[in-house]
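Two complexes, one shared chain (chain A), two partners (chain B, chain C).
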Partner chain A sequence: MFHWLEKNPFFFAVVVFLTIAFAGIVEILPSFAQQSRPVIGTKPYTTLELAGRHVYIKNSCNGCHSQLVRPFKSETDRYGDYSLSGEYAYDRPFLWGSKRTGPDLWRVGNYRTTDWHENHMKDPIAVVPGSIMPAYPWMYTNIADIDTAFAEQLTVAQFFSVPYNKPVPMKDGSTVIVKMGKSVADAHSLALAEAKLIVADMKDQDVKDAVANGQIPEIVAIIAYMNSLK
Partner chain B sequence: MENRPLEYDYTVAKMFMFTTIVLGIVGMLVGVILAFQLAFPVLNGSDLAIAEYINYSRLRPLHTDAVIFGFTLSGIFSTWYYVGQRVLKVSMAESSFLMFIGKLHFWLYLVGVVAVVVTLLMGITTSKEYAEFEWPIDIAIVVVWILFGLSIFGLIGIRREKSLYISIWYYIATFLGIAMLYLFNNMAIPTIMGVAADGTSGIGAWYHSVSMYAGTNDALVQWWYGHNAVAFGFTVPIVAMIYYFLPKESGQAIYSYKLSLLSFWGLMFIYIWAGGHHLLFSTVPDWIQTMGSIFSVILILPSWGSAINMLLTMKGEWQQVAASPLIKFMILGSTFYIFSTLEGSIQAVKSVNAIAHFTDWVVGHVHDGTLGWVGFMIMAALYHMAPRVFKREIYSKSLMAIQFWIQTVGVVLYFTSMWIAGITQGMMWRAHDEFGNLAYSFIDTVTVLEPYYIIRGVGGLLYLVGFLMFAYNIYKTMSARPVKESELQSASPMGA
Partner chain C sequence: MNKLYLWGIIIIASMLGFTYISVIRSKGGLNGDIINILTIVGAVALVIITVLVVIKYVRQMQTDTADGELVDQTWDGIGEYRNELPFGWAISFLLTIIWGMWYFTVGYPVNAYSQIGEYNEDVVVHNNKFEKDFNEKMANFSETQKAEYMINMGESVYLAECKICHGLTADGIDGKSTDLNEWGSAKAIVDVINNGSKGLGYPLGEMPAGTASGADALDIAIYVKNGLSGETGSEAFAVSCASCHGADGKGMGGMSPDLTTYDMPAFTVDVLNRGKKGAIGEMPAFNRLNDKQKEAVGAYINSLSE
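This part shows the complex of A and B:
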């Protein structure tokens, strides 16, 4: 059979393809739908949080920070509860990372504050002596891309039925509604309202002034995202 | 006519040799910079106006993509346009169509490379490892890949040698495997398709997209891709190369056809399963994790099958290893392959993975495979090709020998330091004191690594220096006065 295949490239390619494809079909297909169901208490990202998530991705934070707490005592002691599949239901893309040059961030919102992030992103070594993380001064001047974040909200709501403007069940039995703008201007005002809450805890005057003038620097967005991770 | 040997046309092979060398230098240089940025964070240049574009965050994806899609892929293409003609016994010059496809393949690839470098430095990325490119570039990459496929099957279509040599099997598998993986992993919806309640559409950055898969599913698809991009980019095509170049260079026939059969089909079937070992202790279903572990261990069989076939090909001819630096590269490459596949399987065992995952040990594993196996093999292939392609003798064999030892020392420094760093950090993360509290804060486990980061940087630097010697040697070879009228004649791996 092998000799025959080696003389018939078309059938050779077909057999190779089937051999390669087999594992993927068996592994990926069966649990696809089940894994993407959210657990109670998981809600979609707001416009500002999503813009912050884009800043996180833009600077490849996932190159050094994981977002996956493994079920070991040493990890739950350090980072909090281990991760559940449904908690990631609104993560497109997933940001688990593959390397912990810095600590895990999946529940960083539980133990770091706006103030801490503001100082740390500007000068990591001043906050954590011995840190090898670079400083991110440009995040204090670059303006976050709210338009694209809004476009992504619209896209996931349309194509994947992500529940924006709908009640989402919380752990305590209550429900919350994550609002999505009706227009670009609406999305901007929603993001700005959220940004104002963040900058109330910040000290950088330029950032405060920018938000007062209706512009949202990247640092505000990424802090909103960091605070949402809990 | 019939008695005259075929004159092969290496135009496209030469073009891709050029990008192999240039992108190799770029990718490895960026890697060395990153290594020293980890050892000395001041090198991130935070005070500079261009800090955004030269700090670790932006350079890291550029390094991985430059060495994978730049250096390695160019090497694969270059050797294909050399090996393909020779084992199929047909010249590119015989088909103006295939020649056109080959050149188009190269130029579109070059456009893609430029687009990738620019967008990654700007921070335009999907964040998925080795699949960072946004959808417009993905589409371009698919076109480049289709051209590669056209070239493979086109050349096969007009071949004179009816039976496909082992290398061709592996090139076909490379094409099919990457095509399947890349397409499915990069499925995304451009966000300009989102329509607001007031009817506005086309909002935000036109190139931005959102993954078709969410959370755990996205992770599963990504590591199904990520692990097997290594399989079909760093293993399969490199095995294709060694099956051709080692017998050619040594004048020895392949040791065992049956072993090559077993290794090929075994590798095809088993490799994909092993992707789950990137997701041990994550939220993907337990059975997938277990399958990932088990198949990773089974993977030793076909991997070692190929490597042992190579080593046994040298049976009775071991003096060649001492005499020829080119054979040294290939034999040490095979040895690193054996070693790296064993290491990978060990790391895939759940209890080991609990310590190794997220640490520098994984980085070390990747690099003993890529530097020791992929890098050595591609350089050996290009060294073998250079005299035949340029019709000139290699400029300096002693430079080649020095390069071999410098790079070998570099690789050894790299992986030993990363072993120690990884296991140290993994053990410190999990250490508890006598009261059951964590023994170390996270920063303790970072500062302890500094000496190993420095040693790794030095190892990487040595490898880069060796690569520059390689580039210089090839440059001097191609720019020398021609000394050969026709190409060198050696035994064929076909035994013909």
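This part shows the complex of A and C:
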């Protein structure tokens, strides 16, 4: 066969290409796969958190806020540990951003809380004097789209094997199971149960009433998402 | 005279002529500038050398015959001369192998750049500098200067980490969080007795609201504020508080908060370490502050209520 290849330059070139390509795949793919494997302690987004992520994208929060802590002392002092690529395993798409008009939000769940977000999204300047962030009053009335969030969960669970309803290892050695509904109605009730926990820490009566009536305003979803960023 | 030399002379002459017309005869010319003259000399030399070298090799192709010793084997009728490896090449080859081994085992792994490595070095340098500066200052300061320094440091940490919830003036931004101007005073203790305390994560769990009320609560507050001494409130404390905090208020060996450290920085440090889910909202733990910073924040907050 090699003799034949030597006489046929075109096929020789093809075989050379295939050999080098194979070597490249063997070298690159395993380390790539290793890097993108979820870091221990990274868990998939719940239905409500995903809905909040959609609100985040819809309002272009990523236009001003990054989600990537770089390994510099000045950044880790302010935002917490630097990011690892495996932490973005369940982010589709990741929202690294390219410009920080506002602060980084990748670990905002570690140092801001439900009630803070509630006050801040309603009137940023009341909480942070001099802030240039606009208020997002419509989030308190718009209803979050749980159906789309559930559709995304179904899709990623099926096509990317995101481990919903399966034990996910955490840093302390325990495991956590992130539930995904079996039907749309099921997904709604799961999201509502989650929303009730968040609303317990909120003060806005309209939002509390909406959740009590089975509606989930966008603010609850985005707070769930913010709190999940740790 | 070979035709080749003739061509060589023609090419040299024409290029020199072209150079003469385009540079020396043109406006400005060499201008007496040494750099210009050197450039032209170089150009002329290059032209002549190039032409001579080309002539040499073309001549060699025309007339040369091969010599040397052929190897025994032929490849499809094509022979090859026996060529010994030059000594210099052999040495360089060996040195390359040795260098390769060094680079593979030591050179690359030891000197490789790593972003995380640089970060770690940066953190170590920064922490050492902080430690050194701090210890130096503390060694030279008097007691009042020390206290002042801690309060100033606490203020700057407060402005970076705490003001986002507790506000620039530490008033809790209109009840959005705890008013730290009162924290450490007797009034704050009455508030805690009335509202309870949640989320510090002590083994004995959460403190319920209303363990004492009215005058009792105020007496207890004064008693705790005075470092658990004096007559006022000692009885009420024994009734309402001692079951969890212990008769001496020390928290029964870590089962509940140690009240003897109230209005000392240590009390604030405890909250910073554990986080808190108060009656208003949730406060995260601030483990990214170092011990000195936490103590400084405690000193600053206590200075607010004095």
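In the analysis below, the second predicted complex is superposed on the first by the 196 of 230 C-alpha atoms of A that agree within 3 Å, B and C clash if a C-alpha of one lies under 4 Å from a C-alpha of the other, contacts with A are read in each partner's own complex, and residues count from 1 in each chain.
As a working rule, a residue touches a chain if its C-beta (ideal position, glycine included) is under 8 Å from a C-beta of that chain, and two chains touch if they have at least 3 such contacts.
Predicted model, so just to flag it, every value in this text is computed and none were measured.
**Student:** Touching A:K196, do we find chain B (first), chain C (second), both, or neither?
**Tutor:** neither
**Student:** Is A:V127 contacted by the first partner chain B, the second partner chain C, both or neither?
**Tutor:** Touch partner of A:V127: chain C, not chain B.
**Student:** Of the two partner chains, chain B (first) and chain C (second), which one does A:D115 touch, if any: first, second, both, or neither?
**Tutor:** In the superposition, A:D115 touches chain C alone.
**Student:** Name the contact category of A:K208: first (chain B only), second (chain C only), both, or neither.
**Tutor:** Neither partner.
**Student:** Kindly classify A:K182 by the partners it touches after superposition: chain B alone (first), chain C alone (second), both, or neither?
**Tutor:** Only chain B; A:K182 stays clear of chain C.
**Student:** Applying the document's definition of touch, where does A:D77 land relative to chain B and chain C: first, second, both, or neither?
**Tutor:** A:D77 contacts both chain B and chain C.
**Student:** With the touch criterion stated at the top, can you tell me which chain A residues are shared between the chain B interface and the chain C interface?
**Tutor:** 71-73, 77-78, 128-129
**Student:** Spell out the residues on chain A that touch chain B in their complex, using ranges where they run on.
**Tutor:** Contacts found on chain A: 2-3, 6-7, 9, 12-13, 16-17, 19-24, 27-28, 31-32, 35-36, 57-64, 66, 68, 70-75, 77-78, 83-103, 125, 128-138, 142, 145, 147-160, 181-184, 187.
**Student:** Please give the residue numbers of chain B that touch chain A in the complex, ascending.
**Tutor:** Residue list for chain B touching chain A: 37-38, 41, 44, 46-47, 51-52, 55-58, 60-61, 123-129, 153, 156-157, 162-164, 169, 172-173, 176-177, 180, 184, 189-198, 200, 203-205, 208, 210-211, 213-222, 224, 261, 265, 268-269, 271-273, 275-276, 278, 281-285, 288, 291, 295, 354, 357-360, 362-363, 429-432, 437-438, 442-443, 446-447.
**Student:** Would you pull the chain A residues touching chain C in the complex into a rising list?
**Tutor:** Spelled out, the residues of chain A in touch with chain C are 71-73, 76-78, 80, 82, 110-116, 119, 126-129, 201.
**Student:** Quick one: which bits of chain C touch chain A in the complex? Just the residue numbers, please.
**Tutor:** Answer in residue numbers: 115-116, 118-119, 122-123, 126, 160-161, 164-165, 168, 173-174, 176, 280-284, 286, 288.
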